[in-house]
């Protein structure tokens, strides 16, 4: 069989397979063409729609693409530095634009914390706090939503729908509502982010719980432990590392989310960013962007490091579970 | 014999402790680890909450307003004013009343009489006579007009000198009226039912009945309000002679002032949800609308009734269905196109970033840091940036999502690639296939479903994010939501949009879950 | 006295345990044998009430085990310790805590959740570990132990329950022979010294012969043999393991577990096949 | 000629009672201006619209005075103010008012010495910019020295609520300055709150009222075709009479019509913005 | 004629293959045996050039295999098919496509990228499958097949390469005995009918004896035995497997794979232990 010659004649089984293959491949080709077609139509339709409903048209605007960057160039590079650390500016003319020391937060005597560092701290605190709240409530709810621990179907159903709504409810609406009820600032942002966190951590958690090994639980059941004890000793030790790892990931996400919510009225650095952009204070804007960049990378790296310590080199598979 | 079953062992404690010091005297940290972590969290909770002033903010919240706002999500108010005129009453509805232009709702019964009346000319009084005109802005042209005689207290003016003001109104559209007695049919008595309560208004006298309690209030026009006797628990007068407020819970309230009675009547539901008050179909029953559409004469000679109805629905002034759906569509499109492009660009880049696919360390690092950069400059900042570049609209949103997610997907895809099963690659390599083919058959089949699944996940999650970046101007429904919210009075519109968003997210979540299960299992 | 009367368990159309009536006096060591799927595990799990019988009743003394619920049920589970083939420990907790978990039902839930155990309890746990010869592992994570050690931890936990009955579901099936021997010896010792009833599923005949005064054989959910190990004639064995097909049942089929390896359950099928394969073309 | 006429819509303090409905303009403008299409582009804040105007992606918008000032400061040639609204009383502006609790006993802004003043929102003309520029004159000292402390109340509505609660001794918000104080004037934030039933004007006194702040201008892109510009101006000028419904739909509130303005009309506010905010 | 001269491969300080010199005439069926880590896989992978030798040369006919690169190297890899213990198929693609992949090197890259194969090629693939008795699985996903079927798919793929040499790295190690036999029979058949040289690593002595005309024994990277299977004396075996420790090497150590089960490698240790356990206390 050195040289496989084209078959003169195939056995009936092979011929049948070949026919079947051709049928299948025709069908597959049709489906492929169809879905590619649909995708292309959807894509071009969407692009057309987006371009049509946009103020500037894509191609008209391309030449101006970097104009905004142009507006962002400060008078001199040290301005960014001064804005970041609230140092007096030589260009101070009485307006807010260069009045950096104005925002100083005095700690003791003349020791101060630069405004944006303070605001950044506020944002980070919002993130940590809401992650904590989300963690605790998500922690409690997830066991009720897990099919291996909660046998009552209606309870699971209710808890899961609650988690889903908490997750999908637009954060700005929650923030907007609480801005109206409470006041502008960190707390509405925190509530909004926390509510979302409960939903998403709760969901991730219960998926972890459902994949937990039930042997330990069975062992405890045979000991005569009640439900709470079974969960606490049988499931929690197993899932806690994964929970923590997800919570850390969420912390990262929440720092970003808090910034965004801040920009629409939730306080913290996001608010400062929006204000300085809308007032055209280039140096301040750049200082904030720099601060954000550094902070987010730092938190990213820290939580990646901690996660690795907790669960080893296990990558997050987004959307791995259905 | 040591019988465990009968009674727990009675160990010699001293000896046990001596034998297992590690068990009985564990290190401090080991013993109290849980407690330490717990206390640390509690301490943080305190420090953090005082840093954010959580306690204060929450206790200072206007929680009763929260109730009012929440009620607004699912209900609406009609707010007629019953004004005391000379011996008669006039009933006015706000301009944009949910009840239409000239409503005569059946919960207000008017008794009318014909008599001679003196019409009153509406006088606007200005609260700031001393400052309303005055100094010029330093660089405003001053020559054309002579300086005003009286100097104001303030040296500031934000008005140019020739600006028309309250004192010297320009003649824009204003025509003065002359007062003259005329004979007219006027309302002399109005009876209003608000849920369980009943309010009767005649000039100078308001009677409010709720259950078996009755409150009678004498009104001296433009002077004072005098309730007779003790106020029932549901009514209040904060200051002597000033207004009396009677509250009937969810159903509404009545404010008796010295010149009018303000009625707030709350109804459950979304008012004028389908047709607004300007529509010829307004307030018609479904059957009537249907028959109009099917067989009625053309209301608007230029289009069929069906098209008119559609047009009226889409352009409903209060609910703006057309616009809301368009914006929702923008949000969906933003998420779809943004994620799609991000997936397409991230695909080849992730191969370059993966250590095991591209053996060039330098290139790996450059691309990975690029991903980091895209991720860590927030979607928000990208959105702000692109809004400047493209103007407000979905192009900005698409670009923002595209930029951020190229980074995120690229990173995730690269991680996936670094975790692949090498056996398949080796198998293809041993066939003598060229490097491109090794990737094509040894790598792509195993990572493609994972890539797609991750993209689908981000598609769904971006549908949610897109509502937020919309609020900073990057297109989509976020902006409408934000607009509706910040006036604090269109909560029902907010709720409507929230429901639409929830539906969209739910549908996409389901679709993406289905596709993903199919991809990863099949 | 543990009494099972007409105990039946159905899974859908499949009857896993079929009208089993057995009574076991206190302090007996009973081995339950039978083919895979004969219903051994199901029987034990019903006694511990991890699953409920579909029919029939189980009683212990004057306690109607099959009818109790809630608190009372958990108390019964405490009195009736269970040992599993896969040990069912909490692998991330240390051995000592795992053993202490045996006392959960003796204590108050709050204390349990806060993981506060008294010095006496710890001392008892250590003594139980000592007795099983694994006291040196007390502070290791249970997950890091070898199978034999883990099974002994499970037994120590069972001892901490101060049980009246110990049910063991194939306790040595995933152990190597040396560890299997240690574990069976421990169970025997507990049975003899503490007078605790031990009911153990075994999938190896010779272990049952060696350790159990009484052997119950099950086949298709029914008890087909009940008597002292010495009565296990080859006819009885045939009944229990089903005299299927062509080949004679040799003791070897079921005895491999201790003598050779735990994975040889499918051996018969293979030795069959190997007959043909041995002489390749 | 132009093909598309792009309208920027912004929310803000001077906004109408309802979400505005520009549909009538979309319907009518094409014919009036001779363009093919009219599109609407709302934005989140002044800035979105302003950037659109500056970048030339919008042709027409109605800005707040301060927003126009910003546009002017960034690029004086980008847009032209052509018209502004006239209120029912004929005035072309509104006011910033400072209110306090009636039971505080204060009657004048001078009583606020050493007390806590709340501004509405750092981005607001009437709630921050105007008071912070004009108050020093009224009280005879810089704001930081005269008042014990100042802060932001988180929007106009919220600020007033904070004042009623006592968080601030007084706060600045906007009002038309005409009509009855008990009603919260004829329009403005106070009126809105009264209408919603979350505020009782009998609880408040007015301590101070600012000079008139000009209503924001109707601006058009400077580079717009002059013919279209003129047509547009005429269209708008005629609207209150020709199509009062459309007028009230896009303006809301108590407005009477439009009047012509030019840059000079806003010079003072531009100067104020430049001095305070810097750009 | 495949010739290896002084072929050496070092991994760091560890020499996996140490100066191996072997020459294999065309059409021979050679079994390579040796303990785990002896260097068998490394040797085969060097021949296919999945890894490069550190030293020495490999030649086939007049082609200097160890020196070629790029296109030429890929052509050599086509001529020298490789079969892996873990099959190394693409589980998500269907069996037919997997087999067709064997022709990748015979065709044009664009067609390959687009996954377009001609009807002739498909027919060939089907015939190869038929020859191995698995044509009915042609349209299933490779991942859904049993181990033995997958290995046969791998062989079919190798056949599609029209190879001159087939290298098989423990092709039956993860198969059950029945499948193992089928796979070995197929290799033998290919060797005999098509005259293709087959070099196969085996970890069971008796398979080597049964199927291979020539056996090469490796120990610590060196060839310690090379000759017909019949020359494998017990001394030779001792040399290959290293006469370690206390117990005599019995054929059973390595012969279980086909006769009983593939998992009995640890059996000897157990039968040792069981001696003590058989008589419990």
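All chains are identified by letter, namely A, B, C, D and E, in their written order; residue positions are counted from 1 within each chain.
Throughout what follows, contacts are C-beta pairs under 8 Å (C-beta built on N, C-alpha and C of every residue); 3 or more make two chains touch, one makes a residue touch a chain.
Here's who's who by UniProt: A, B = Phosphonate transport system permease protein; C, E = Phosphonate transport system ATP-binding protein.
Quick caveat, the model's predicted, so the values are computed rather than measured.
Under the contact definition, chain A and chain D share the contacting chains B. For chain pairs B-E and B-D, the one joined by more C-beta pairs in contact is B-D. For chain E, the chain whose average C-alpha position is most distant is D. Most remote chain with respect to chain C, judged by CA-atom centres, is D. With centres taken as mean C-alpha coordinates, the chain found closest to the middle of all protein C-alpha atoms is A. Chain C and chain E have Cα centroids lying 44 Å from one another. Averaged Cα coordinates give chain D a centre that lies 83 Å from the centre of chain E.
Rounded to a whole number, the gap between the C-alpha centres of chain A and chain E is 49 angstrom. The distance from the centre of chain A to the centre of chain B, each centre being the mean of the chain's C-alpha atoms, comes to 21 Å.
With touch defined as above, residues shared between interfaces to two or more other chains in chain B number as follows: 60, 62, 65, 388, 390-393, 471-472, 482, 486, 488. Not a single residue in chain E touches at least two other chains. Looking at chain D, one finds that residues 8, 41, 44-45, 47, 51-52, 55, 57-58, 155, 157 touch two or more other chains. The part of chain C that touches chain B in the complex is made up of residues 96, 114-115, 119-120, 122-124, 126-128, 135, 138-139, 159, 162-164, 190, 193-196.
Those residues of chain B whose C-beta lies close enough to touch chain D in the complex are 60, 62, 65, 68, 79, 94-96, 124-128, 131-134, 136-141, 152-160, 163-166, 168-170, 172-174, 238-239, 242-243, 245, 253, 257, 264, 278, 315, 317-318, 320, 387-388, 390-393, 471-473, 479-480, 482-484, 486-490, 493. Residue ranges of chain A in contact with chain E, taken from their complex: 1-4, 6-7, 10-11, 13-14, 17-18, 20-21, 24. Those residues of chain D that touch chain B in the shared complex are 8, 11, 15, 17-19, 21, 23, 41-45, 47-49, 51-52, 55, 57-58, 65, 86, 88-93, 95, 97, 130, 133-134, 137-138, 155, 157, 161, 165, 167, 175, 177-182, 185-186, 192, 195-198, 200, 202-203, 206, 209-214, 240-241, 245, 248-249, 252, 256-259, 261, 264-269, 271-272. The touching residues of chain B, counted against chain A in their complex, run 41, 44-45, 48-49, 51-54, 57-58, 60-63, 65-66, 69, 326, 329-330, 333-334, 336-337, 340, 372, 375-381, 384-385, 388-396, 398, 412, 415-416, 419, 450, 453-454, 456-458, 464, 467-469, 471-472, 475, 478, 481-482, 485-486, 488, 494, 498, 501-502, 505-506, 509, 512-514, 516-517, 520.
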